[in-house]
Structures are given as C-alpha cells and as structure tokens.
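Across the two complexes that follow, subunit A remains constant while its partner is subunit B and subsequently subunit C.
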Partner chain A sequence: MFANFLGKSQTRRKFLGSASAFAGFSALSSALPGRALAQGEPIKIGFLAPLTGPVAGWGKPGLDGVQIWAEWVNAAGGINVGGESRMFEFISYDNEYDPSKARTGATKLIQEDGVKFIMMLGGDTWAGVQPVADRTGMLFSTLLNSDLGPETTTLLAPAESHPVYNVTGVEWMAENYPDLKTAVMCAQEDALGLPSVATYLAAFEAAGIEMLEDPILFDWETTDFAPIVTRMLSSDPDIVSLDTCYPDYVHPIMEQLFQQGYSGQVISCTADFYGQIIEKTSVEFVEGMIFQFPDFDDPAMNQDFINFQNPNKFWEVYNERYPGQWGAVSWEYASIMDIWSAAAVEAGSVEPDDVLSTLLASGTGKHAFGDASWWGEDLFGVDHTLLGNWPVVRIEGGKARIKEFRSVPAWYDKHGEILKKHMRAYGQMPDQR
Partner chain B sequence: MRSVSGRVGIWLLLAAVLVLLPHALSFSQQEILVFLTINILLVASYRLLTLTGEWSLGHAVIMGVGAYASALYTKEFGIFVPVSMVLGACTAALVAMILSYPLFRMKGFYFLIGSFAAGEIIRLFWNRFREPFGGPKGIKRIDPMPDFDILVWQFDFFEPVSYYYFSAVVVGASLWLMWRIERSPVGLTFHAVHWQDKLAEATGVNVRAYRTLAFVVASGFAGLSGALLAHYIGAVNPNIFDLELMVFVLTWTIIGGTATIYGPVIGCIALTIVNEIVLREFGLEQMRPFVYGLLMIVSVLFLPKGLESLVQKGLARIASSGLDRDMGRERETPGS
Partner chain C sequence: MVELLAQTGLNAIYAAAYMSLIAVGLVLVFGVLGVINFAHGELFMIGAYVVVAIYADFQMPYVLAAAAALVFVGAVGILMERTMFGPLRDNPLGGLVASIGFLLILQALVSVQFGVRMEHVPPVTQDVIVISEKVRLPVQRLAVIIASIVFLSLLWIFLRKSKFGWALRASAQDREAASLQGISITRISIIAMFIGGALAGIAGALTAPLISVNPHMGHSVIVAAFIVIIVGGVGSLEGAVVASIAYAFVHTIITTFWDGVIADIVGLALMLAVLIIKPTGLFGTADRA
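After this line comes the complex of A and B, so read on.
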C-alpha cells in the first residue's frame, strides 16, 4: 500500500526491474578484464523445492547435483552470454512442499535475490507459485507435466515428461516378458500419483495386460502399508505396479512385498536409493525390478545421442560426495541447466522472456537422453514438455542397468487416445484441471 | 487515571509498531508476516476451544473447511470475497456444530482421538470428491481479495503489505472478540466447565452445551483464518490442512502457554521466527524436526507454563517496581 502511495505499483516490469537493480550492485565487477571475455556478474538461478519433509527425496539430491554442475561450468569459465563470461550461482529455498511457503520462496528469489530462472519440483507447490509467475513473467521449470496447462505460459518441463515416459517401461516389459498378463497397482492419491495411475492403466491396456482390480489409492499420510500390500496380493497378480510413489512409500511397500512372500514382477516409476531396499530385503527379491531412472555410470549413457555432459564422471563425483544418495532427480535439475544455459548463450541474454522464446523457437531441444521436441498441446494444453527418448531400467545383480532407450512420442502416436481416455477418467485433462 | 492513559499509550504504541512493521522488513519477510498473522488467528482460536478443557486434533481441518467453503462460494456463486470469507467462517462453525453431536459424547483423550478421526473424514471427502472440492489437487485460481483505493492509498492485495493490513484488521477484531467472550459470563463458565465441571453441572450449567459453544465459536474463527489463507495464496488442497499443521498448532500452544490469550500468540511468533528466520538464515532447515523437538522438551521441563509465564513475571516486576516508587514518593511527601 505504501509502495503504491509512493507510485511504485507492482507491475511485472517493475517487479523484474527492481530485482535486476538489486542484483546490479555487483555490476562493477563486469568492468574487470578477463583473459578471453569480459567477466559478467554471476547468473543467479533459483532452486525452489522441498529440502525437508516427506518429499525432500525429490528436492535435496537435485540441489546436490546442480551444485556439481555449477562447479564444473564455473571451473570452465562460465558461459558466454552476449560477449561476457558469466558464472552461475544457485540460491535455494526450502518450500517444504507447501504452496504458501513456495509462494514466499518465489517472491524472495525474484524480488530479493534477483534470479533469472527458477527450478521447481512442482506438484502441490506450483499452485501457490502460479499467481507470482502470472504477475512477474518469471521463467519456471517443473518436473511434473501435470502442472502444465494453457495458462502456464512461463512454465516448462524440460527434463521430465512425467508421467508419460512410464509407458516405455510397461511396453518393454510386455515385449520381453509376454507371460506377465495381470497387474495390480497402488499410489498415493495426489497430484503426482493420479496422472501416473492413468498412464500406467493406458500402458497396461495398450500392452494387453489386465488389471485385476482398480488401483488402490492411499492417503499421503499413510505409514502402514501391510493392508494395502495384502489386498494387492490377494488377487495373485503377475505384476505389482508402484506407480509414482514417493521414495518414502516405495521402500516400505517393497519391504511388505518381501515379507508377504511376493515373488512376481515389480514395476515402478522410481526406485530411489534402491541399495537401501536391497539391504532391507535381498538381492534376489529386487532382481528384475523395472523402473525409469538410470545410474549414470551405466555404459549405455555413453552413447552418441546422449546430450548430458560426461554422465559417468557426474555419477562418480556425486557418489563420492553423497554416497547412497543418488536418486531420480540427482541429474535432472543439472540437465535442465544444460538446456537453459544453451538457450541463454544462443539468445545472448539471461532475461526470462528472451530465454523462453529462444528455447521454444525451433520446436526442438537437446534433452539429456537425446534430441527431443517440445510437445504437450494434446494432453496438457501447451507444448512445453521436451519429449523424446526415455530409458527402461532393470535391476540385475543388485545394480540398475539400462535395458533400452525407447521413444515416448512413438508410443503416443500409436496409443495416445487410450492415454487420453484414462487421463479423462481420472480428471487429469487440461479442461478438468 | 494515569494507568488508563498509560494503557492507551501502550495500545497506540503497539498499533504504530504493527503499522510500521512491514516497512522494516524485506519482501519475503512481509510474506511471512502475512502467514504469521493468519496463524495467530488460528492458534488463538485453538486456545478458545481449550478453555473448556478439551484439546482437538481436528482444528487444522476446520481451518480448511473455512478455506474450501470461502473458495467455493466465490468460484461457484461469484460471491464478493469479504462476504465469502464470513460465510466460510460460518460454514466452519456449522460443520463444527454437526461434529459436536458425536464428538461431545466423549471427553478427554477419547475426544482428542475422535476429533482426529472426524478431521480425517473431512480430508478424505476433499480427496475423494473432485466435484466440487477438486480432489487431491484441490482448488486453484481462487479469486483474490479485490483491489480498491481509499483516497490516495491503493490496496493491491497481491502485495503482502496490503494483505497484511487487511488480515491484521480482521485478526485484531477477532482477537478482541475472543477476549471479550472470555471475559464475559460465558467465558467464565467455559473456565468453570474446565476446572470444576461436576460443580458447574450441579449448579445447573449445561456442560455439554458450553463445550459445544466453545467448539463452534473457535471453529468459526479457525474457518476465518482458513478463508484469509485461501484468498491470499489462491489455492487450497487437502495436504495443506494435514496433521503436520495440527502439530505446529499444538507446538505453538504448548510452548506459548494457554493461561492467557497472548500465550499461544507468543508461541506462534517465537517459533515462526525460529523457523523462518533463524533456521533458514543459517541453512539449518534439515534440523527443523530436531530443533522443534528440543524446544518442546526444554519448554516442558523448564518452562511448563509456557513463554507467557515470562511475560507475566516481567509485568509483575514492572508493576511491583511502580508500586514501590509510588509508595516511596508517598513516604517522601509530608502529610501524605
């Protein structure tokens, strides 16, 4: 109010302008000569994700990974933006997976820290941030496509096409293990679980796998999984799907499956910290588990089409610093930064509008797992998902191994209508969200 | 006379501090101030409920009832936001009234567990029914408080300062109402129901009716705090009003104390500062569960009557030193 009294109404231009001014105190340093390029002020990037609480497993490992990325890029002299060498500085804010704290974090990162881009996990927290994005025009990224909609004009999903890539795991499993014909599924009933349920149902239907009963949806405060597992196993399925359960759920469910004597196939979106699952069960029990997130020391990651820089070394450094902490998101935020920084170099600018328009201009992008296209209008109402190949991973001898990279768009071209049918049934189409 | 003018002076000073406070803070701290103001209403309403001796585990969900109701009134029926906030509060009170029939057949620990179960049932309703509650994703793009101008002042409620002033007025009025209720015969009866329920019953007090009344009124204020939250962040979902928030409310209440209306408020302010300023500034977010647990244990061991007991001791010391000064002056004045 007093700001308005002084004639400083918070328009988008002012909001970003004041942030730039705040960051501009260090602009003097850019006048110092560099060896090859003038040294510009550091580019500040926001990291707004849960670092504590039950969803921290999809925040903290990503921050650790992105810090390694920044060290490497900065050690190489930063990136060339408009003739200046620019280093990176990451500023994190723990949103505790709470929309109100995410809103506070977003305004802090933009208004006080002067960041040029904010990476989020997304999900429930995006709802609190969306008004800030609308007002400021800041460029955000999410790992969850289900946050996208026709109105999310400054939100991108450059790393994950969750949950659509889950179809590759089911397709590969059906082709390689045709005897597996029946399945059951459980998931937490939330913004992450439901679209994934719809995707697995579509993938099972496309692969001719029968669901023995409706997916079991549990509350996200559930801690006792014995009754859920008992109910799933009562129909004697060939396959148990863990959907996109949080790491805090995958581990106890796997323990219960082990304790209740299950010996069939398990398929899951993630198997974060699977070494701990093996410790709690056995190598034999976890053998053959299919999921979607590879270890980056896998030889398959060295193929020519992989765009992630030096994946084996990244894995090695990460595991030296954070032993046993490698998970689904450890590389994802770093891969988003690869894509963002390439666009910033091409645009010659780090301003959100310029980077966004450069990113989307060609309709294609260099995804970590190969060249991909901006996609999603059909399913999310906006082409802001970078969709291409995705790996199918299987645990063999206690170690995750990439079995194959499969094309998600190819599956969608064949079975897209089935996916839309299930998405609609679970209220996940843009007009329903 | 001097004490009345002193009291007015203190209130004016407090009002001035509250008006100027946001301008001494950064933008993100102003955001935190808004949420703190809303949480103060939530925790103060919880204390009103505890006056009759019953502790609930469903208060955060009742806050959510107000948030969902107010959001739906504006989205579905186009009701003006301030009116929908009041209606949201009334809906929370109404839901509490309905819940009171089964819940007040229980007392003490059984009431505590019963209130938790009732709250979870409401949360499951929100989760299960996508129409009208939005299911697990909840309700998004809730209408914000409409902007308006008064003379040269423009109130843009996206800005935390404007929303802080609005919520501070609402919360201030609510705290005054709760204070008046506690000081009224009804409030005294609440205390009687808590400390001497058999005696109160013997004197003709309908104990269950008064417990219900406290539950309903407290729920109305909790619902109002939920409505304030919903129209600020623009989104609600079932996870916001989960057991974790309830644990925070309990922690604020226990650490602050429940003997006075300002006890839980102090607890809420102190722990918000610890959480949002101290832990974040020093990068100790990972330590939050440990710090909260430690504070709880320390509080129970060394400050069983809460932080408010420190304030009470301070006030007593000031009062006694003032009394000593007055007596000394009287002794020095001949013929007094």
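After this line comes the complex of A and C, so read on.
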C-alpha cells in the first residue's frame, strides 16, 4: 500500500522523513498495537469527495492530509482493534461534487471495496448519498453540520461544524473593532453557500452589525466578479463578507476588491492559499482579513487543550510535500480519522454500528481544537456535531495568526433563536431540506 | 449612481471584449466547417494554461506567453480539423460528438499535467486608472479591451482585404460553389480552425491573470458563447460582435443591479426570444439557420 503514497512528488527521502516524524506522534501510542499482536486485515476507509472541478480545493488537500496520517499510523504498526494490529488503507472516489456521482461512489466503496467508514465533504453531494446510507447503515462523516437532520442517523460532523463556527469570527471582530457597523455579503448559491449566508446574517444581527442589502448570490459559472464587487462597494460597507465562497471565487473577488479600491474589513470563512491572494493584491490590502482556518505552525496550536497530534510536524510534512497547497481541509480528514480510530480501538471493532455507538456514548469527544460535546439537537434535530471551540484567524504581516479560540455553543446559547430564524428564511432547517 | 453606472459600463466593456473573441472564433468555425465545436471553451482553457506554463511557471515575459498561446491553440485547432472535422466533413453530427470527446481529452490532459486545482497566475501589472473614487479601470482589463479590438480589427481586414479572407467568406456562404471556383475547402477549413482556435486561445491568455484558471473553466464561457452566436445569427461575425456587446451589457447590468442568477436566466430568455421571433438571429441568413 505504501507504494500508492509514493507519487511523483514523493521521494523515498521524504517518505522516510515523514515516517520518522511519527516518532513524535505520541498521543496515539496508547492505541497502537504491541509487537505481539496478530496482524489483521487492513481497515479500508472510503474518501468520497470532489477531487476535480471547482470544489476540488476542498477535497484533494484533505486526501493529501489523510494519506500523511495513514503513513504515520501505519509506520507505527497501525491500531489495536480487538487484539489485532490493523493498518489503514484509504480508497478514494472523485464525486466531482455531483450528487449522482457521489451516490455511485458510495455504492462502489461499500459493495466493491468493503470500506468500514466513508468520509465526505458533504453539501450538495450528501443528498445523493443519503439513500445509500439509509439502506446500508454505513457510517459517514461530513464537514458540514448543515447536512444533518433527524433522519441522518449514520452521519456525523466530527471535525468541521460548518457553517455554525463562522459566528466566532464575527463575534470576535465586533468586540475588537466596534467601529465596524455595516456589512455586505456575497456567496455562491448552493448547499455550502446558503447555510453560511444564514449563519453570517445571524452573527451580524447578534453583533449589532447592519446588513446594507440582501446577500448577493451568484451562479457557479461566474468567472468575472467585477459586477458583483461593484455592487457590493456601491453601498460603502465597513465590512465585506465572502461567506463560504470556494477558493476559486475568493481569489478573484479579493483581487476585484483590491482593484476597485476597497480598503475596509474583509471577513471570510476561508482564505485558502492566502499567499497567492497577497501576490495578486498586496500585504497591506490583505492585512487584517479575518477567517476561520489556522496554519498548523501557529504557536497557539501547541496549547495543552489542542487534541490534534503534532500539528507543527503535520504542517511541516504537508508543506514539504505539497508546497503552497495548505488549505482549510488539509487537516480535517486526518482529524476525523483520529476520532474514528480512537473509537474503533475502544469498541474493539471497526463495524459502523459499533464505532458509531462508541463515539456517541459519552456525549463528548476530543475535537482537534479541544474537548467538545456532541451537539445539534436544537438546530438540526440530532446531536451528531462535535462542537466546542473554534479558532478566529487574522492575517497579520502576511501570515495567518490565531487570535482566539471561541466557544461556538456559548454563542448559540445566547443567540440560537436568531440563527434558527435566518436558517429558516433561507430554507436550511431540516424540515425544509 | 453616476459612478455606479460608469463602473458598470467599464465592467461590461471588458466582458464584451473577451466574449467577442471567443464568439467570433466559434462562429467562424461553424460558418466554414458547418460544425458546432463544443470544445471551443476548452481551447479558451488551453490558452490560459499556456500562460500558466510559460508566464507563471517558467517566469518568462507575459507577452511571449500570450503570443505562444495564440499560436499553440491555433495549432490545436488545426489538429482538430485534420483529425476530426476534416474526416467527418459530411457528418456534422459526427463532428459535434467528436468535439465533445476532444473536450474531455483536453480536460484530462490538462488535469494530468497541471493538476485539478486552481492555478495561480501572478498579475502582469497592478496599475489601475483611477477615473474617480469609485470608477476605476485596472490596466490589465484595459489591455484585454484594447487587444480584443486589435485582433478583431485584424480579422476584419484579413477577411475583407486578403485573398484567403475572400476565399474563407466564399466558403462560409456556399461551400460547393466555392469549391467549383477552385477554392480548396481543406485549406480554408485549416485556416478557419487556426483562426478560431487562436482567437479562443488569446482570449484565455488575456484573461488568465484575471480569473480562476482550472481545467473546467471552459464550461463557464461556452454557454455564454452559444447564447451570443444564436442571438447574433449563427454564421455572422458581425452578429457575434454585436451580440457579445449586447449580452455583456445586459448580463453585467442585471448582475450589478439585481442578481447574477437572474442575469443568466435573462440571457437564456433573450436567446429563446430571438429563436422565436427571428430564428436566424439578428444578423443571420436563412440558409445558415
């Protein structure tokens, strides 16, 4: 299986460097098997995400990251499941962010490949996969808790609780920059964009920030963002929110904001490959941009409550292997595998039912950004989101810096009704989907 | 409001400029070869990737990269004519299907060579002409507008003044009659495919620093290009230019003042209205409709 990881950008030297890095991967050691354990069959895990097309930026970097995770875990002997040493084998399927292809992929991964768990980006593709999940009882993960509903009994959001965590960026911005009072927003009109629009609207309302006009929704095929930026800037906003636009949109929108002379605050869910945004604009223009996804070499990632193992080394290996490609999802699927494998070890089984019941049994879990609780009943009708703190990130001097970890549940306890109101207005409540 | 209208006008002129290059190439190929080239959007994409390779990756001058895109994509057009459209000359449906297959091949080749992620193309210049506080024209966009005018003017001169241009127009009007006059349809088809490809390639090269370059970017322009050539009149170069300008202004104004999704719907409605009221398009003739 290792041969699969040795792509053209992967040299033997790099691989050995990665494997040796696992020496520092100490926290998983309790789950790792001793030498005396019998060698079991590899655990097959499905990776069902867009690897091509405009959403590939939120699929391929995640696959790259989870393969580093697998190399580290396998190099240390795999995990101990019911007294057997089990390695990991990831089988990917490119769903191109197309629901029908996602359904085909899920069926293939389950029936032909015999996977025990399938990781997805979610969003529009979940609609295609849900019938397969209902029929087979397969355990799936999504990065979007807006996919969850009372009927999604085998779907979890263990790493990313998109879009709910976006409230932390707005809350932090409002507290630290109280002079910012007005905002505009744009987003692509899809299952990633719309729930995020509702969340930002709720966060702005809760923070006392006025929306100058309704969010501007645009089509997938949009390539020229000049008209959209012209319209946003026509109302002289203090804040421009880029919602959860895909990287293919964030970059040209930022370039247009720069070229059309905007000098106010920008807030966005992501700022993937922000070095390229700086090159297209300037360090000064991007200074102060707020978003939600940290670089893992950030000193704040070394705090005791962080559960992601060896984040600095992970960042180093990832960037050595895929220079300039670190993005929002680079670490997330690896983080999901941390959580899943710990549950499999505890359950002594890799069967979906066993792992699912073990995961949810205590009501809490070790999220990458700190201990968290399974949450979501009030908003989505099911407690399948592992929710706790989420980082607020700000670009300072051309580098992303974590400013604070903020509690998402604490915000929801105060402003949950506002969020539900906006979710309903955009048709994003479970009974509306 | 005046500033908003002025900035919207500049945005529309830019959109009309690059859309004209793409649509005119598509019309030219249809006029001469009688083939609907669904891979035309991918020729636009290849032009952008030539800039990625030469300008972004090898850090050679942008002008050189744009010139290379023009020549290389024109050569790809010749390759398409020699391997697909020529052998399938009497089978327009076969040409269409072959172009769809070629589209997928081009996407796959680019994905294998460059990867599927968005490519980063550094800005050629960050200079902006500041007309007023809220009316600005980036020099990169101005360059696209000027280059489009230059290339379309050169094409017009070529078609009106040169021997090959006359032959090309004659072939577009009546292929059999042109052939009887001693015009080589094969040679004219090759020239048409080179020009059509080159125009799409230069459009991709000119816009590469301004948009997200990825293997699927051709999709986004081909739908608009088809709307434009249907509205303008299939086979009419003048119609393609006029329709590009009209479409760009309508789409940009609606996007700015209402909604981008509504703008797309209006574009399609415009096409339907033309098909119902004047099926030949604004400048088309009945034999090409």
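Definition applied: the second predicted complex is superposed on the first by the 399 of 433 C-alpha atoms of A that agree within 3 Å, B and C clash if a C-alpha of one lies under 4 Å from a C-alpha of the other, contacts with A are read in each partner's own complex, and residues count from 1 in each chain.
The working rule: a residue touches a chain if its C-beta (ideal position, glycine included) is under 8 Å from a C-beta of that chain, and two chains touch if they have at least 3 such contacts.
Keep in mind it's a predicted model, so treat the numbers as computed, not measured.
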In the superposed model on subunit A, is it clash or fit for subunit B and subunit C?
clash
For A:Asp219 in the superposed arrangement: first (subunit B), second (subunit C), both or neither?
both
With both complexes superposed on chain A, which partner does A:Thr104 reach: first (subunit B), second (subunit C), both or neither?
first
Is A:Arg231 touching the first partner subunit B, the second partner subunit C, both, or neither of them?
second
Report for A:Lys116: first if it touches subunit B alone, second if subunit C alone, otherwise both or neither.
neither
Should A:Pro247 be classified as contacting the first partner (subunit B), the second (subunit C), both, or neither?
second
Given the touch rule stated above, what does A:Lys366 touch, subunit B (first), subunit C (second), both, or neither?
neither
Subunit B versus subunit C as contact partner of A:Arg394, first or second or both or neither
neither
Kindly classify A:Thr52 by the partners it touches after superposition: subunit B alone (first), subunit C alone (second), both, or neither?
both
Can A:Lys44 be said to touch subunit B (first), subunit C (second), both, or neither?
neither
Considering only the listed stretches 23-31, 41-49, 113-121 or 203-211 of subunit B, which one runs into subunit C in the superposition?
113-121
On subunit A, what residues does subunit B touch that subunit C touches as well?
51-53, 189, 219, 221
Spell out the residues on subunit B that touch subunit A in their complex, using ranges where they run on.
23, 26-28, 31-32, 35, 120, 123-124, 127, 130, 135-138, 140-141, 144, 152-156, 158-162, 165, 229, 232-235, 237, 239-240, 242-244, 280, 285-286, 288-289
If you look only at subunit A, which of its residues touch subunit B in the complex?
1-5, 9-10, 51-53, 93-94, 97-100, 103-105, 107-108, 111-112, 124, 127-128, 130-131, 135, 189-191, 193-194, 219-221, 427, 432-433
Could you please specify the touching residues of subunit A with respect to subunit C in the complex?
51-54, 56-57, 60, 189, 216-219, 221-224, 226-228, 230-231, 233-234, 247-249, 251-252, 255, 258-261, 273, 276, 279-282, 324-325
Residue set of subunit C touching subunit A in the complex reads 4, 7-8, 11, 14-15, 111, 116-118, 120, 122-123, 126, 128, 130, 133-134, 136, 138, 141, 207, 210-212, 214-217, 219-221, 223, 252, 255-257, 259-261, 264
